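In what follows, structures are represented as structure tokens.
You will see chain A twice below: alongside chain B first, and alongside chain C after that.
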Partner chain A sequence: MKNLTKIGLGILTSVGGYLEVGSMGTAIQAGAAFRYELLWAIALGTVGIAFLVEMTGRLAAVSHHSVVAAVRKRFGFRFQVWPLLSQILVDLLVLASEVGGASLALELATGYSFRLFVIPVAVLIWALLWFATFGAIEHSVAVLGLVTLSFSVAAWWLGPDWTAVRHGLVPHRPATDAAQYAYLAVGILGATISPYLFSFYSSGAVEEEWRKEDLMPNRIVAALGMAFGSLVAMSVMVVAAMVLAPRGIEGEMYQQAATMLSLPLAHWGFRLFWLSLFIGCVGAALELALDVSYIVGQTFGWAWSENQPPAEEARFALGYSLAIGVATTPSILGIDPLKLTMFSMAVTVVVLPILIGPLLVVMNDAEYLEQYTNGWITNLAVTTIVLLAFVLAVLAIPLQLMAQ
Partner chain B sequence: MWGCGRDNSVTFARLAERGASWAASLEFAQELAQQGMVPRRYVEDLMSTASQELTTLTAQIGDSEGIDGDLKRKASASCSGLAALAGDAARKHGMPTQASIRELELQLRAMAQQARGGAIAR
Partner chain C sequence: MMDLARDLLDVQLLDPRQRPIGRVDGILLEVRPGQPPSVAALEVGALTLLRRVNRPLARWVHRAVLRWLGVSWRPVRFRLEHWGRVGVDIEIKVGERAERRLLRFERWLSTKIVRRLPGGTKGKKQ
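Here is the complex of A and B:
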């Protein structure tokens, strides 16, 4: 019974927390430009993140180490500095995108420029981290995040062509704009396999003191939670394909995409769109800001826990406070949140091998995992997906930059 | 050389399509606002954003390389026409006529199509 509750809560958290600025923005643009043709990228990314989440949960349950702590212990501090710098860069870029996305959601709701909301949004995120515990943040984000299921309701109501949907789950060469197609695929993979997801997950597992008895719930949550979560992202793509694409609306800014739920959900559609964007972005921003504190604290061997009062872990609280402060800069300067998101997702894919390579070494070390080291299927799947995404990014990013 | 002209044409077509996409967004938002499905303040915000983006697009189209001058002028004119319509509407808290937006959208789509046909490289 206890395990069932844990599994249920875990799946709920995965579904409610799946959609954020990256997964939403990339799915909208892909659906508007290529209809269902990039569904495969969400599916592939989901397989990758499910393996990674399972791996890092297993690492925490068996060795009681988070990803960063284990890599630091295995390779030493000098080595860990490089993955740390890469992940801080990615986390800050994505955090900036989330802060921008939440502010943009408020622009849609009120009609006032998103720049006016950047500081209030940042203060809200900071205050939640300062006053709430890990469990409170995790569960409230998950429950509120269920509003994003409105995209799945809309997709079901619109009744997509299921043959075309199935066709989209297999990669095909696009008829036109191959560079844009590849760039969007990279963006989707970056949004789906975001490093903060698994490093945050492993830190949370250590905070919640997982043990070997948690291995089975961890495996089920990783597989089912990510699978159900990816259905929400796929729904966003389907709705964009059915509402925006036939009208020739590209969804290059959130303002263009904000009407996509209005046909299936009528008067509620517009409100649910900005609410989903706001909750998804604030939820992810909380996790990202915490992740910066976690990875810095774990690298330097400082005390780290969201469950302790800030006065007792000043460096931990300072970490997320600084991260939030830095992340407000692009939006205050007026950089469009969706454009920043696409850039952040592409950078994420480029640095993935730096972060996942050392993790794979640790996951095959019996000193940490005892008899629970990775099997060959996990090693092969993760390596293939990460390398494929990296090669695609190296090819697509210059082409897209030249085209612009 | 052919590849370069082809790239220029595709880049130009993408710019024209982005302009047309803004026009389509304005039409759709107006349609929904008339049915009371989206708030008026959102449509005004969209008009204002579209005006700024279309002004940028007009400049980018004007700077396009390797494209027939006449086609470039026509596309720039359509884009700046859309920017003006959206900007006026945002300032006056009104809405431009859908027919005028539609006409400019169709012009931009036709030019994008022509560019993708590949016959307009200078």
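Here is the complex of A and C:
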């Protein structure tokens, strides 16, 4: 039963990480514009996030520290304030994107403007956090998240050109529009290696009181959970490549892009599209809002648990309530959810080194990890992927801005 | 033997019921002539934290809070005899007065707002 809970946490983390507006938006745009050519970015991001999730689960199981608590203790508050502020900024931006994404899903379902749905969506997210326990949220999102497998069914049914898919899995230069290609690669990497994912996962692991016996299940969950999400994100790109690209539909034209499942799955396709987007965005928004409360509570050493009634941990409840309130602003102002998403993903990649650098130091400190410190493969893989994403972002963002 | 910066500063504090009540935000040293400095007390409070980041900013915020909210924002101090280690955390005997000061905002928020909202007090189980 306990292992099932762990798998639930893995899938919840994965659903929140891959099936939300960031991953879906970037995968659709990339598939529509470059067909399979950016599959490698999802694969590379998946390797990165699987390593990071495994690391933070290990940190929780061995040292009983969440990432934030360990970084504050290891480096002191004067240093930790910078990763903390960066993470709050990124969490709020991505949360705003998810609120926009869920509202957009309802626009697709009803035909009314997404701005009408921003407040109801925010209230729904808040109410779920206010009334439900961590376990209830975890299990329902994990089960509902399975609906997103419809993309994989669609991709399989369409029968992609497997040689082209294999070619897409290897990083290469594009034939045209290198600036857009690099910017989308950055967006995909930012959507995949989301810092809230591993800080959320480590908080969940501390809250569920993982022990050293949980190290092996942790490893399996990190690999399988992230592989599950990655499979769906790749399926989204494949379907976009096969349905949207030949018809010249761009990923930004989401009204038309939303019909991408209609070809393989007939009239169910459109419904499954908006339903997947809605569930994925709400799932991610729950994680993001909780993450804000977690990291603030852990920094200041307050009680933090999603399983207590709000009155027992009023500051914790205030944290996610404020975060949700702030995150509704861009969508109420009418900022396009997909543009906001791409911007949020790019900012995420730029701040990754500030967030992951200190974590790597902690993961190599035997004071915290005893004999379970990182091996050289983990250190090399995470450092390479984060630096590569950062360099790509520093090059691609100005190019994209100039192109616009 | 204890490395203050590594083993004491920023460590989680628990009350005797094992509830998290804050972190060691600062350490107060006592310096007596002819003797090595010794730890006099642990400090918990946002003002101490802010001082560690930027002293002028901390002074300014302290004055602003006092003036606009009328709340004294001094850190809570715990003398050495009040604490013991529990695993990676520190357990501390918290007097009623110290607890009231540490949880002032939490209690205000809980009684004035959260308890008055539906579902604020119950509905969840461990």
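Criterion: the second predicted complex is superposed on the first by the 385 of 404 C-alpha atoms of A that agree within 3 Å, B and C clash if a C-alpha of one lies under 4 Å from a C-alpha of the other, contacts with A are read in each partner's own complex, and residues count from 1 in each chain.
Everything below uses one rule, namely that a contact is a pair of C-beta atoms (placed from the backbone, for glycine too) under 8 Å apart; a residue touches a chain by one contact, two chains touch by 3 or more.
Owing to the predicted nature of the structure, the values given are computational and were not obtained by experimental measurement.
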- prompt: chain B versus chain C on the shared chain A, clash or fit?
  reply: fit
Message: Is A:216 touching anything from chain B or chain C once the two structures are fitted on A? First, second, both or neither.
response: neither
Query: After lining up the shared chain so the two structures overlap, which partner does A:123 touch, if you call chain B first and chain C second: first, second, both or neither?
result: neither
Task: Considering only the touch criterion stated at the top, classify A:262 as touching first (chain B), second (chain C), both, or neither.
output: first
Field: Comparison of chain B and chain C by chain A residues contacted
entry: C
- prompt: Taking CA centres, what is the chain B/chain A/chain C angle in steps of 10 degrees?
  reply: 130
Task: Please indicate which partner A:63 is in contact with in the superposed arrangement: first for chain B, second for chain C, both, or neither.
output: second
- prompt: Touching A:361 in the superposition: chain B (first), chain C (second), both, neither?
  reply: neither
Message: On the A-aligned overlay, A:310 touches which partner chain: chain B = first, chain C = second, or both, or neither?
response: second
- request: Could you look at A:85 and tell me whether it touches chain B, chain C, both or neither (first, second, both, neither)?
  value: neither
Message: If we overlay the two complexes on their shared chain A, which of chain B and chain C does A:247 touch? Say first, second, both or neither.
response: first
Statement: Across the superposed arrangement, the tightest C-alpha approach of chain B to chain C, in Å, is 37
Residues of chain A touching chain C in the complex: 63-65, 69, 72-73, 76-78, 81, 130-133, 300-304, 307-315, 317-318, 367
Message: Which residues of chain B touch chain A once you look at their complex with the stated criterion?
response: 7, 10-11, 14, 17-18, 20-22, 24-25, 27-29, 32, 36-39, 41-42, 44-46, 49-50, 53, 105, 109, 116
- request: Going by the contact rule at the top, pick out the chain C residues touching chain A in the complex.
  value: 5-6, 9-13, 19-23, 25, 46, 49, 52-53, 87-88, 105-107, 109-110, 113-115, 117, 119-126
- request: State the interface residues of chain A toward chain B in the complex, per the touch definition above.
  value: 107-108, 110-111, 176-177, 180, 247-250, 252-253, 255-256, 258-259, 262, 266-267, 269-270, 402-403
